[in-house]
């Protein structure tokens, strides 16, 4: 259950209530909410305690979210999450474009891409240093050296950077290179140890939906991050597995408006991996923002045919510029702005 | 293969080439294309004949579509299909909104809905007279009486009407009631006898994608219609079956831009059946048009809670008005207009 | 609800109760059960009537099946359905093998196959006369002539025959040729008009599961048949559509033991269409019978490479003989026998 | 490509060929095959080198497996893999039953279960110490203490033990407790760092198929293990995600006979997680062995209703005894024996 106090309730009062609840052996979390104290009890609350809490005059209401996640439920906050990465704000009022190569492939290419990304008007730079590859013999990324190249390029063009972390033992390297946003990839969405380790790092996290994860499982994975102390969580829809083979995956835009009712977290869309074909990326990006996504993440490469991975789905720089322009229009007609 | 003649080639020349091909025992179709004659050979063309045809001076080029459908392939036309229903044009330059109740439920309700549909700015009226229902004990529609009520309401408010046909034996009743567009439902997409019978009726057809049909199967179903003589075919994506249970179906918007390369036929989207929830319909409609759909088909009811079927997904009339306004904006920013 | 009377209750008593229920405007069906009268009410029973019926001394118990089908529910019978086709019994004590070519292709081939099918020990002969084909240009079967060839071959070798019906208008031809069992194909599982027409024909029906039909939808399709008067219904699992592309479909054997609790109807398995490869058919047949299926339906052809359809999944005659031997063993160890 | 030398070729010759190949910068692996040397080249072999190797008189043949995995391909071995865990042999001639509770829950219960498992005739003991749970608030297992309890119980009843490892940092604890077989769970099938770490541990590995993994991805995950030095790999099918909600997952037995052609590794089936219901486990186990699986892994609990996880799918001890008896029969009729 979630306990929402009256506005004006003091932290001291809230702390005493918290102590009362914990004395029953229940686990309690405090919302970072500033307008009022909010507490989430994650264990089953005994009926007597439930009534006692509900009856307190300083409690405005108690909410029981439909599902059993708590910290990411809308009821745990007074407004949707706003995340700040450098000058970029991700949240209900803004639309972001994250762009970059599938893999970091060397300083020169990385700098060239970053320049184009900055110029296009996109807000964040992406690029894979640790690559999860189906085959053990495929290129597995530049590793820590890739982190350095990505961050250097990001700093040169004032772009916060996002990149995937594949193992708890790499958290230190990510922190050393001041990676702004840690990405949890689709294949690791239920790597619960990794979720716990990344949550402790105190950085923003981009959590991709698993290849065939239900919305419920995805939100529970986000709850793992939240329960571990992470507040800045961005969900990223990237297509699910279906019987249809005409496209690589099927982008599940149907759940986007539903997610808005299930969580206070921002949700973006990665159309590149769903489509698998660059020419589908622009229309799918427009559709994503039209349906309510807070942004898109796309792949871009100066010469896609030479990319070390996923070339067929990479945009050319001028296509990215056009995509950002479209995003600006879609943001505007929905009363938002590019971040 | 598809044989595209030079512009200016006479019908007489084309007919003699056609006779030549048929003399080899191959089946040939003539395109309705006005800019030049185009022939499609649907059987495998022997290499010698292929070369002979390709070498003719009056042949501009021969095309071999990637898939083995012919009459719906882009190569069979010089431009995308334009369909006219009354004053409404469906095609590359326009966006349409089809609206109406799930089931026709009586003259009064039908008239009330039709008035609201007309007022909202939607272009076509829908409503089910023959209802395919999972259970044999569920309401199966008003049948022929429903056709009459629907058509009457359409005439009163100058809206062409679309409704589902479930069996070849009903073609006569549909023609008698001058139904403007025959809908083939998802469950009948591969009811090949029905496709053949409907094709012969000479009316426009709205072909829904099967519940779990691949794009390829869907296009072959359209080819059945085309091979039977039907030219005015509208494809309708309505969501596919996936493991996700948060929504009724998963709208497959990912294939929309791909369909543009696979066929000259217009494609619209039915977000009501995919979402199963009225409040998801507006954002999904925006996304559908943003991704390139030529229209949307939605359900509307004056009092959804009293609808005889699918109430939870029906819009209120004022929500339809707002949806049409959104469609107008999305049409405009993509260089199109409401039909 | 289902009303089970005490053993020994007279038909007269039952009829008066039936009249009482119908006087409330509810639709009632009588079970063919011989051990006692059983009635199924398919509309929602008002609470007062429910109590009244439950309280009658001649009523042993009232059952409310979990799902809202009635006539195919286990509660509607005292034992599982037994179907007799010629000398063959299909039901809880027996295992059947249905075999034959994908398409009927001519008298000579048909006779040759039938001879081999009879010799192998299989009990029923199959072969498609009307073929549902994805492409309008593919071979669509020999039609009525195919029915004749199939039936002639069946009579020559004393094998009852099973073949697919695709349209209500063919029922007459099927009856004229004395087809023993009408097959409803996967693509027509929810062709509700066809289900109603076939039910009226009074013959046994083999109902294939739709390409992506849920078990619930499949059972409702069977209920359409039952509500139309058909008693001899055989369900046939043939693989469902999944993301896996290594095989044509994924045979859903997981639901087989569950079906036993959901219906009194026999269930068989068609492993040929699921696998798409002949060499997978034998092990999948063994698994089907091991998991509880009452039989299998497989394709066989003297020279698969020359089959007009689905050659790659057809067994050779000697492979069929071996498959029947395996079926006999699996039947024996589960306390059953070949039919 | 895979290079198969003549029988009798010396290790010295093979080593010189290997050096020749490596001098071209290609990665080479040596098969543990005893009948002849076999080398696998995992990078693309230049045509000239390919011809040179093929032409050598001591090379019997070069094979290019259909897919690009190498070390798990049938061509890399002269016979199917045989794995020995204590006295138990897993391979082409045997059938195994792995049984135990979903979670290790305390010494007493563990010992009781182990006694029953041993008595039933099952060969291996399973039990989860580290539990991957969808919710962060659910019971996450006893951790290292659970490893100890499981191993103690295994030793007491002479049963080798299998348990899931969730993170590379736990490899030490697994080795300290002499866990006989490390299980990689479905959610971690593509946790590539974990695969690499576990491969280095030198123990047998049970690799579950991912929740919606294709066979191809699953085999590549096994190749990660093999490339990291692991030879004793057991594949475990556990059901895939489909649209069907009647059962928890859909067991994909259709691919079992196909896997036999794709790899030399043993494959077992876990019917408990697919079915989600204990009463489906026995028939699905019979089907699994009938279709060719080398064993099954099932859950058992003395009082399922009190199990800390997955109670509804746990067998009672006497049901396990019956399941082992069935497995013995299915093994016998396919010319195999219980391990």
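Should a chain be cited, it is by its letter among A, B, C and D, assigned in written order, with residues numbered from 1 in that chain.
We adopt the following convention: contacts are C-beta pairs under 8 Å (C-beta built on N, C-alpha and C of every residue); 3 or more make two chains touch, one makes a residue touch a chain.
Owing to the predicted nature of the structure, the values given are computational and were not obtained by experimental measurement.
Student: Looking at the contacts, which chains touch chain A and chain B alike?
Tutor: C, D
Student: Taking each chain's centre as the mean of its C-alpha atoms, which one ends up farthest from the centre of chain C?
Tutor: A
Student: Taking the mean of the C-alpha atoms as each chain's centre, how many Å separate chain A from chain C?
Tutor: 49
Student: For chain A versus chain D, what separation do you get between their C-alpha means, in angstrom?
Tutor: Chain centroid spacing, chain A to chain D, equals 34 Å.
Student: Can you tell me which residues of chain C touch two or more of the remaining chains?
Tutor: 212, 216, 241-243, 245
Student: Please name which positions on chain B make contact with chain A in the complex.
Tutor: For chain B paired with chain A, touching residues are 212, 214-216, 239-247, 249-258, 274-275, 277, 279-280, 283-284, 286-292, 329-330, 333.
Student: Spell out the residues on chain C that touch chain A in their complex, using ranges where they run on.
Tutor: The touching residues are 212, 241-243, 245.
Student: Considering only the defined contacts, which chain A positions touch chain D in the complex?
Tutor: 27, 42-43, 68-69, 132-137, 166-169, 187-188, 190-194, 210-213, 216-217, 220, 223-224, 227-228, 241
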